[in-house]
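In what comes next, subunit A is part of two complexes: it sits with subunit B in the first one and with subunit C in the second one.
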Partner chain A sequence: MRKTNYLGIIFSLLILITSTSCIEPNIIEELGIVTAYGFDQNEDTQEIEGTVVLYQFNPDITDASQIIHSDGKTFDTIRSNANKQSGYQIVNGQLQTILFGPSISEEGIFPYLDTIERNAAVSDMLYVAVADQPTRDLMSASNYEEAPNIGIYLHRLIETAVKNEVIISSTFHEFMRSYFRAGLDPVVPILTVEDNKVEVNSIGAMQDDILVGTYSMDEIFYARLIRDRFKQGRTELTMDLNDFEGYIAEYVHDPRGDEMHVVLDQLGSTATIRVVDIDALAFEVDIKLDGRVIELSHRINLDEPEPLHKMEREVERQIEENLTKVVEKSQELNSDIFGFGTKYNNRTRGQPLTSEEWRDLFPNIEVDYNVSVEIKRFGIVQ
Partner chain B sequence: MAQLQIPLDKKIKAVYLLIVLHTMQIGVGIAGYPRLVYLEAGRDSWISIIIAAIVLHLTIACIVFILNTNKDTDLHGILTNWFGSFIGKSITVVFIVYFFFMFLSVMINYIEFVQVFIFPQMSPWFITAALLTLVLYAVIGGVRIAVGTSIVFFFGAIWMVGLLYKPITLIDIDGYLPMFESEPRAILEGAKVTSFTILGFELLWFLYPYIHDKSKVNRFSQLAMAFTIAMIFTVTMVSIGFFSRGQLEGKIWPALSMMKVISFPMFERFDILAVALWMIIILPNMILLAWMISISAKRVFGWKQKYFLYLLVLIAFICQYQFDNRYYVNMLTDYVGQVGLYLGFLFPFLLLPFAIFKRVKGKNKADAKN
Partner chain C sequence: MKRRFKKSSYFPCKLEQLEQDLKDQYFHASPDLASKIIHHDGKRCIIVFIDYLVDKNYLYNQVIGEIQHTPKWDHKTFKDTIPVSDSKQHTELNAIGDELLEGAACVYVEGEQNCLTFLIPRVEKRQPDRAETESLIFGPKVSFTESLDTNLNLIHKRMDTSSLKVEKFVIGNTVPTEVRMVYLEDLANEDNVQELRGRLSVLNVDDVLDSSTLTQLIEDNSYSIFPQFLTTELPDRFCYSLKEGRLGILVDKSGSGIVTPSSFFSFFQTTEDNYTRWNMGAFTRLLRIIAMVISITLTPTYVAALTYHYEIIPDALLVSLGHSRTRVPFPPLLEALILEFLIELIREAGARLPTKVGQTMGIVGGIVIGQAVVQAGFTSNILIIIVALSALASFTTPSYLMGSAIRIIRFPLMIFAGLWGFVGLVFSFAFIAIHLVKQRSLNRPYFVPVYPFQPRDIDNSIFRLPFLHSNKRAYSNKPKRIQRFPKPKKQKKSDIDE
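The block that comes next holds the complex of A and B.
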């Protein structure tokens, strides 16, 4: 049997321990970890004013967050200038949200995103968002629930909205992918302050990297219906009570008059965009939607096929109507957030579509909608 | 002596070729490959890969045919047998130099990964020393240790393919359409780029005498090639679907950038770990290359294998200082690829007529005796 080489083992261990000093240490208590950046442009100096939300991991500190304002011409200068005001070494590794103020989002945000792509330390899963007022004001909103700081709150806010399928997800990766794809424009959530608390207000339609318009929360549902797919969406529709004459239970008296409100949830959807005629720019959107009724303002016996089908047809009609409105709006803004251009490009072999070409074509496209709705369940009452 | 007499206890089974050849081919190259092929062939990169795959399988069949003509010897032995000692030695030295630059290219590319992704200030000599120590350990142990460590490292790294699951869920089908758009020329260029990535099968030239059951060499080396092709095919297709055009063209290492979206509750930034784990992917590369270099040098110059190994480690350590920016790293990698195209793919076909000639002659002789 061979003798164990103890000397060798001890020597190896010694090397292993001492060699850890060959790389730069990052002691977590000495780091100021940035969770969010906000950018505004100073109209006078053309410099960028950055708002940096810092966070420290240190059990001894009770208020472990702070907000620093610093200026610079580039992203990284803002970080390093912010360091002048802090005893902690400011690092970007935990960056979760970047926010742009109106002064930048109207001019184009892409130039500020380069370093995020270039720097391997920054995650691709951070959220890109736009504020409807200077980010400096927005990020000083003092009510951020139990989150350690406003940066983490912003991230949670957007993440919850994405998870609940209320808005369209816009992580950095998704933003860049749409930005670089001809015939598809990025969307971003738009944040605002209400009662000293930040909330998601609407989503912004971008033309490349410039914010050109917004969709309200109601419109987002229809935009999302085409662009994305629902797994557990919800929506509320208003119907005319007279259409359901004869099926309504007598004992209900609703002071709201002739309207009936229907809430559908657990909506699952798939959407396909098809090019019907490439020269006439005719498109067809097929949407399949299924879900359940969770609330009705009037009791209707949905167990019978007739009122149920009537309701399904009515939902289809209204969705179609709203889809038309949303797509027309996007044509007016000339921002193709649905990806009609990508489908068009897929059919034109050999001549790659450019964004500029699509800008000329997009306002002229004709879209037909085939919506089919299936109401699968209606709760535990008839 | 052209024939090699290798004792049975130093031989390996042919089935190990499946893993050893595969790990030789997959290394630093695959991290940047999807972009390189996309720049040439665009969305039709998969056609390029298939063309390269056909050429690769033919090349392997050719190499195995030549090796089978001369039993129990390596490339050096074959060349010496056929063309005499001088040509044999010269060509083997060319291969040694080529392998050395391949070794260097793997090492400095990995150092660059680490510097870009994890420790920008980490000195290259430190990581070089760490890698070279492991290489020394494995190669001094002999061919069985070299092959054994490669297999262990292979299983240490192969599970990372499973991480592609997350990027796969984010694939956008529109990225693949419209198909068949690239010109044939672009596709052939793409196939050429692919062939740089799948170099490393030259190992077979030198490992052949150490294989115990030679009848199975062809089967397992072809399987290894198929495995490699399947791997780069998957990674490339996922990259094309995951990134849009402008993104993919801009990323130097798409395969590593894809890891940036992977996040676990207990491990937020998986890309950091992926880069660290990439060491496990490149170590078999370095170990087998070092083994090939030292064993061939021994065959040519006749000194002990150990001495050449120490010399290799020393030179590699010094050379690493010369390559400390992206420009030189790129240049070296490109040159190695270009040379590899000729030495890896063309060279076997040049030898093929001689092998056929030898076989026909051998058969005639046998017939004459009967």
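The block that comes next holds the complex of A and C.
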């Protein structure tokens, strides 16, 4: 049997005891815990105006939420300046949302994200978002439902939209990944205030860290088809009623008109981007989509294979059309949010692709679409 | 202490001389030494005994009665006629004295060369009763008593087999106590038997108070906080362990038996797990182990998270935690220590007081103080929940000793968590893990089946399978026969509607 190494035990205990002071205590009630930051640029002074949403626990006030405004040239200066206005130590460990105002997002937001990347205490799962008006105004919107403060509300708002597959997820981690990867640009949700309540308005396409354009909620669906995948998506399409002449059941009150609205839900999709010809910059996007019809504005007998196939082809045609529009828009903005560049990079050997090279190439790429749609169920329509 | 008497042949002597010598030299004028002189046919006979040590009924009817009815008075006749099996002839005074202390009556006819003793002890013992400390809801409820005879009787009744072997040891210099080592000869591992026999025979102490004291004398590591030998007051549990190939120890005057070698997880088992159906048994076993982990980790995690790692608190909990902490004037470590100390106080006070007062104690301690402490802002509500939960969890451990170990181990863990946060917590968990892995019970690994990893033993320690599928004894005990019974052949089942 080995002898116990008492010297070792004493030594390690000694190290432990002396290392007590190495850890900085953060006792929860002494902290101002920040849940959201908003950054705006002051046009006159070129300083950054920060809006800090935080918790400060006070036994007599039930609402622990506070908003502090502070100025500074860097992220950390804004935090420490905010600390001058608070008796609590302001910390970033529970940060959930970072919001950038319009002026700052057009000049580049990366410098402010850098400090978060270096801080291990901050979660990578926080959301990066852009506001279409000064964040100071947006964050003072008083209607934030049951959420304990506006910071948590913003996080929930974006999270719900991502979960419902309405927008493309843009956590800090995903933002940084797209930012650093050549041939892929980040997207961010764009928030706006309507009736004193914040809502998701559109998503913004970034060129590296600069906001260059926006995609409306309708366009997001197509952007998402290529960039991400659907599990529970939904979309609404408008079709020409005359195409389905002969299959329309008679109504008592015939609404007619020329348009028919189709809502598809439970959409599942997979997308594959392939490089067809590397020199001609020809790409092909294969999209497989399946879903069910949940709403039809007119009564069409989908039990028959013919109208069903007709509808599937029509959906395919419309999706292709819209995809072309969305990709062309992104080429105009020169912001590759779909990741064509990464596929291109995979096929080129030797020199790795740089972001600048892809900026030159991206507007010239040719994309073909192969969309195959399968309508699996169309409900029990009697 | 050795009693020295002159070794010269003492007998024959006068009756009065014998009586006087016993009284003065051996018993130092004890008031309880009784004697009676009977005359018959010109012969005189003295009967000496200690008043409260002999069975009076037996003495009057069988011994004195027989003597009076015997026509011929000499020791040979007495030995034949008196119906007491345990009779001896002694020639030395101190031997007679020792015999008297064990509850013998000494008979001496004047002029004889030796002295007769008849062992007729009066034994005060209680009947086997319901188990108190290891109470069961389901299954046999009888517990060991303080009498070795009764305990052996209980075991023999349950283990009606010739391979049950009982070895006798006498331990204690001042007060010798009888200790029995019990095992099944055809199952128990020979190395284990040798080891335990060695430890018991080498033991040189003045006294063994109880079986729990004996475990502390013969266990592998006296410095460990974890008990290494299981003590139980349930004969069925004792016998179950023997049937697993373990060894048992019974101590005279002690109401519990010792089971060895015992693994860490055997302290979390009850026989109830075997009596209930396998799925319930498996569930309760897992429940107890989870409760143990909760009991150890919950309060230290609270302390660490609130002192250092506010980042890990889920945002839904953050507000309520922060609010309940604002009124507390102490750092989380001190807060937790105060509350844990309070719970320990209530527990200890409840245990020391008689049952009826103890209940009042629980109400006063639990409800009144608990409420007042939060109202006064001494602790946060959430900590009260956490501390109560971990105290509750620690009481699910069936072994009282293990339960206490778990409660006590929380205090150093809390201090580590309060001083170094999660770093300290991980450090102390590593320390405990290393300690457990290194620990032995009767030279067998203590933390089996986790380390050394014995997947086949999980059935008998952490989990439980239906009996027909668990036809093997625990491998880690290394019993001579591993198989309990041959695996039954699968029977073809008929359809339910046939």
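Just so it is clear, the second predicted complex is superposed on the first by the 347 of 382 C-alpha atoms of A that agree within 3 Å, B and C clash if a C-alpha of one lies under 4 Å from a C-alpha of the other, contacts with A are read in each partner's own complex, and residues count from 1 in each chain.
FYI, a contact is a pair of C-beta atoms (placed from the backbone, for glycine too) under 8 Å apart; a residue touches a chain by one contact, two chains touch by 3 or more.
Since we're looking at a predicted model, the values are computed, not measured.
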**Request:** Applying the touch criterion given at the start, work out whether A:I10 contacts subunit B, subunit C, both or neither, answering first, second, both or neither.
**Result:** neither
**Prompt:** Touch check for A:S123: first (subunit B), second (subunit C), both, or neither?
**Reply:** both
**Which superposed partner A:M217 touches (first subunit B, second subunit C, both, neither)** = neither
**Request:** Could you look at A:R347 and tell me whether it touches subunit B, subunit C, both or neither (first, second, both, neither)?
**Result:** first
**Prompt:** Given the touch rule stated above, what does A:R181 touch, subunit B (first), subunit C (second), both, or neither?
**Reply:** first
**Request:** Would you check which partner chain A:I278 touches, where first means subunit B only, second means subunit C only, and both and neither mean what they say?
**Result:** neither
**Request:** Scan A:G93 for contacts with subunit B and subunit C and give back first, second, both or neither.
**Result:** both
**Request:** Applying the touch criterion given at the start, work out whether A:S19 contacts subunit B, subunit C, both or neither, answering first, second, both or neither.
**Result:** both
**Item:** subunit C-contacting residues of subunit A that also contact subunit B
**Value:** 19, 23-24, 93-94, 123
**Fill in**
Within their complex, subunit A touches subunit B through residues 19, 22-24, 93-94, 117, 120, 123-125, 173, 176-182, 184, 339, 342-343, 345-350, 352
**Message:** For the complex, give me every residue of subunit B touching subunit A.
**Reply:** 116-117, 119, 121-123, 126, 130, 170, 172, 174, 177-178, 180-181, 243-247, 250, 257, 260-261, 263, 268-269, 271
**Asked** What residues on subunit A touch subunit C, complex-wise?
**Response** 16, 19-20, 23-29, 31, 33, 35, 55, 57-59, 62, 64, 91, 93-94, 96, 121-123, 148, 152, 155
**Request:** Mind listing the subunit C positions that touch subunit A in their complex?
**Result:** 306-311, 313, 315, 318-319, 321-323, 325-328, 331-332, 377, 419-421, 423-424, 427
